[in-house]
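Right, one structure below, let's go through it.
When the chains are written out, they are named A, B, C and D in that same order, and each has its own residue count from 1.
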């Protein structure tokens, strides 16, 4: 029985979660190396979990000949370069979203991935692996709502994380709300509608926190997108959601509609008190998509073992980035933007 | 076109609501007289609404030859006598629940109602006229859940009214929680199960307010009832519901089940705040059953105009009282009580 | 005690409902006249309800000197002219939405209303009188969600009515989905956001029924609107809602959010069967807004009796029409439209 | 770093799930042996997962000196004996519920567990490890509902499994619905109310399938229980739940109430179709408690590594069995049963 030897780069909140999954929850997978620029993070992880190798330099980790695959969970700005290096070392690559914060880089990564057809490349659009989203996709394929013609996506991050984000964004280029956050929803839209975006208008502002406007970014933004076949998309992204982490999707078809996550309940408890009936909400992506993060990693390891490719392709990453980029431009230039034109210019 | 001339006795919260409905919301009905022991209540009502007659004495009102019908919304202890007097005057009678606080009196009223078959008699089991309960009944008749074999009823009054109730109950005989409150649920149980109760065990206590125990009553009580054909009933009644007025019914059948009012939402607004997603709840029976009170009054007037009898009979009042009485005995004697034996002793 | 004498024109579904409310559910109101081009409709109404006057000609009804007020529930294309005639007769006027299908006519009506400041004029934006919408407005005024910065409105008509609509629209100018349907939501948006629209983009198509495209209309349409202060609006309107009549509103503020009508449940019954837990949905506006239609009529009569003006002004009708018109243009011309420019051109 | 070597007996649906969890989802745990009377089941498991030892005889497995602990997931009737044998071999023991189908045997097991205080013994009341139940417990400890005084538990198995159960129960002693199914709820009741049961009345029948009555068992049963301090419990158990696997708990306290699992939704998808809004439901315990099964196994391994004892004790198993036994007697004898008397007789 063959095992896949994996190394991970990035030990932030999500990186650590991936690492813990890889170390003991994914069958036929050995996490043999972790890498972070923080030596402390490396040591705190490898000791209790008996991971043999720790690195503070990505190139050093790639030099480890025992590795079969890498998991990239580093900051977004490193993704492109780290993917390319790993592919050129012959390794299978799993990379967290986004593929890149720059459309041109995303397209370059795509070309290089395509040059390594025998290596598994997977992008972390974990929502596609969530039970509820899987069920929705299957229902649509079975015809439960006819032809899907409209999608609405709410992607709202908890207000409690807004200060953290702002202090990060003041020091780093985050990509802005449409590229950094809505990109997950753009992927869902393409997946569910089975159509490419043609045109978009994006608006927004820094309502509670005008600092967002100084960063040329939006605290809360909205985009409307016209897709092929006249299909429609509406997207709301916010970093200021009082009740928690709210990921919601509505798909209207010609014969019915589906909603996923309308109320982002934390669990099955209803509290009945003087103020009414209360459902507490999930507080973040690790809580909401705990299971999906596990499933996508299982899929990655399985694909390696089975010589298959995952459903999520590098092209999906490029297209979601393209739409994110168009929305960012529309928001900045305050006009309708043709997404198609970005495609033709490549 | 004939109109029905109605007089009402009792101008408490519910009486006033009935009176306002009768004065201007029920077709083909004239409210021509109101009666209350409080002259002030009478005057405050008749002036703004142009009601011609006001009384502080029930017998005086009954002497008014223009009356066709009376609405009885006085305190429970007067119901029996007032029904009998009105029937003997030849009037149609609508009486609020309960029929009586005493089983023997309820049975006597039943005999007298039966001696006046040409007069309409209707008991205010308004829940049967609520949209949701009507729908549930119809679904069951259409076979949606097979044969109904189990019912659970929660009848919970708002904690905010507990002090009022206690100060009333210290001065008056309320009948206790099973006769005064659960009687509505006992009627629903018989209606939905289509079976009579055979045996009951009732328990309870004064958990937040031990004064209830001094009154030989329960703040919160529970009763389990075995019905004919081995059907089952579970009843919870409480005067201490923090979140408001909670009336809930569950009916399990051999092929499915129905629930009515699981979350007693005040309206369709969901509030999403830091503490979670909140639905505010209805605060009392006037709010929850606003429409049902209207519909039952329409039914009463219609029955008079059409020479029909309403679905709710005096017998329904007697049987609900009988089960309430058996529960009260079980609670007090701390043992299983045969409801059947109360029936045979008549 | 003074009563208001009312005549109604239009006895379609909604007109009949208004007429029944006026005849016996609204205090201090006498419905003394009804008018419809169908003599049969007139007779079928006046006889059972004892209404003294019936007309098949609107001018004839206006000649009745006993009238204090008219209720206009005729087809949309007649609204403007009928309002003007009634105002010029010195009558108070209640008119169903829309004020007009033409912006210029709406503006002309506005001028004439303003020339009759002592007469009550009210437009039938009944949603503002619905319990849930009233509660939402109050919550916002109390600061429950901070400053409202985003609104999303779904206004979906039941698919079961689509054939009726199409056969109507083939013979008549309906105004199109944005003027005919979304106008209610445009009013809600202005009411909740407390800001005027500046710019819009509207898209849509005839997905299940391409006939809509032949009519230059959309079966399902979507519009995004930028309001003053950078506030945002998203609107979805459809005539093809499989599950019934779905009116939903979401308002996001700087400190929380509110949702109204997320699941358009018909009643409080949950059906639990093999296929899952099912909530049936409301089938149309008369069912969903039964109570609001009553309350708005009470408000109209009250305003007449109290010499007050209702909250909903003719200006609200003009502004909602203006936005509807801009969306219609955007949809037809396939580009961003400045709503402000329509305002300046007046 | 120490690892715990585990062997499992029983490879039915739940046993297999436990085995898969142990083999690759529980940190610091090696599943080194599996045992089933079916050699095929053993082989089908050990080969793909590389488990070194397979047995068809429990005693043979216990003879393996490498074992530290056993997981017992065999049929209920073997539990008692297998626990005792493993304890006497010096092994740590995890046993699926019920502790035993016989009260006397449960008490004997308890004595033997108590004689091995250095070995970890844990009973599979997995619900206590479910997120929602954990949250509810914590809320109560924080005072969110005041003093808990009432519990209602619905434990309903899917109708789709009823045939399987009947064919099993015709060949084996299942313990009956109160000992076999409701025992989970009896444990929850004791846990949440923090009080022991005193008296019970249980009823039920074979409504859709009279064969249950021939087995002296109930297809659907109900029990009411009076606990210490006058606290109240209501329990509904059924093998005939049309919509799936429905585990629901309501806890009423003196200041509020909690509900867990009111609608047993399968996932976050709402399907909106002609028939209404549909939520599909979970189909069985493996789906509903997937995470809890994992968490309880982690807890067991942790306790071994940390020399601690789990919260769920053998005494909890005995007390839940005692109440189950009392309900069974009450159901069979058709009278109130004192649970206390079963305790004193020991």
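Keep in mind that, in the parts below, contacts are C-beta pairs under 8 Å (C-beta built on N, C-alpha and C of every residue); 3 or more make two chains touch, one makes a residue touch a chain.
For clarity, every value in this text was computed on a predicted model and none was experimentally measured.
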Query raised in the report: So which has more C-beta pairs touching, B-C or C-D?
Result: B-C
Query raised in the report: If every chain is reduced to the average of its C-alpha atoms, which one ends up farthest from chain A?
Result: B
Query raised in the report: Taking each chain's centre as its mean C-alpha position, how far apart are chain C and chain D in Å?
Result: 56
Query raised in the report: With chain centres defined as C-alpha means, what is the inter-centre distance between chain B and chain C in Å?
Result: 38
Requested in this report: Two or more other chains in contact with one residue: find those residues in chain B.
Outcome: 145, 242-243, 255-257, 262-263, 266, 270-274, 280
**Report entry** Touch list for chain C against partner chain D, complex
**Finding:** 159, 242-244, 246, 263, 265-266, 270-281
**Report entry** Residue ranges of chain B in contact with chain D within the complex
**Finding:** 145-147, 149-150, 152, 201, 203-205, 207-208, 220, 222-224, 226, 230, 232, 234, 236, 238, 240-243, 252, 254-257, 262-263, 335-336
Query raised in the report: What part of chain D is in contact with chain A in the complex they form?
Result: 1, 23-27, 48-50, 131-132, 135-136, 139, 144-145, 255-262, 266-274, 280
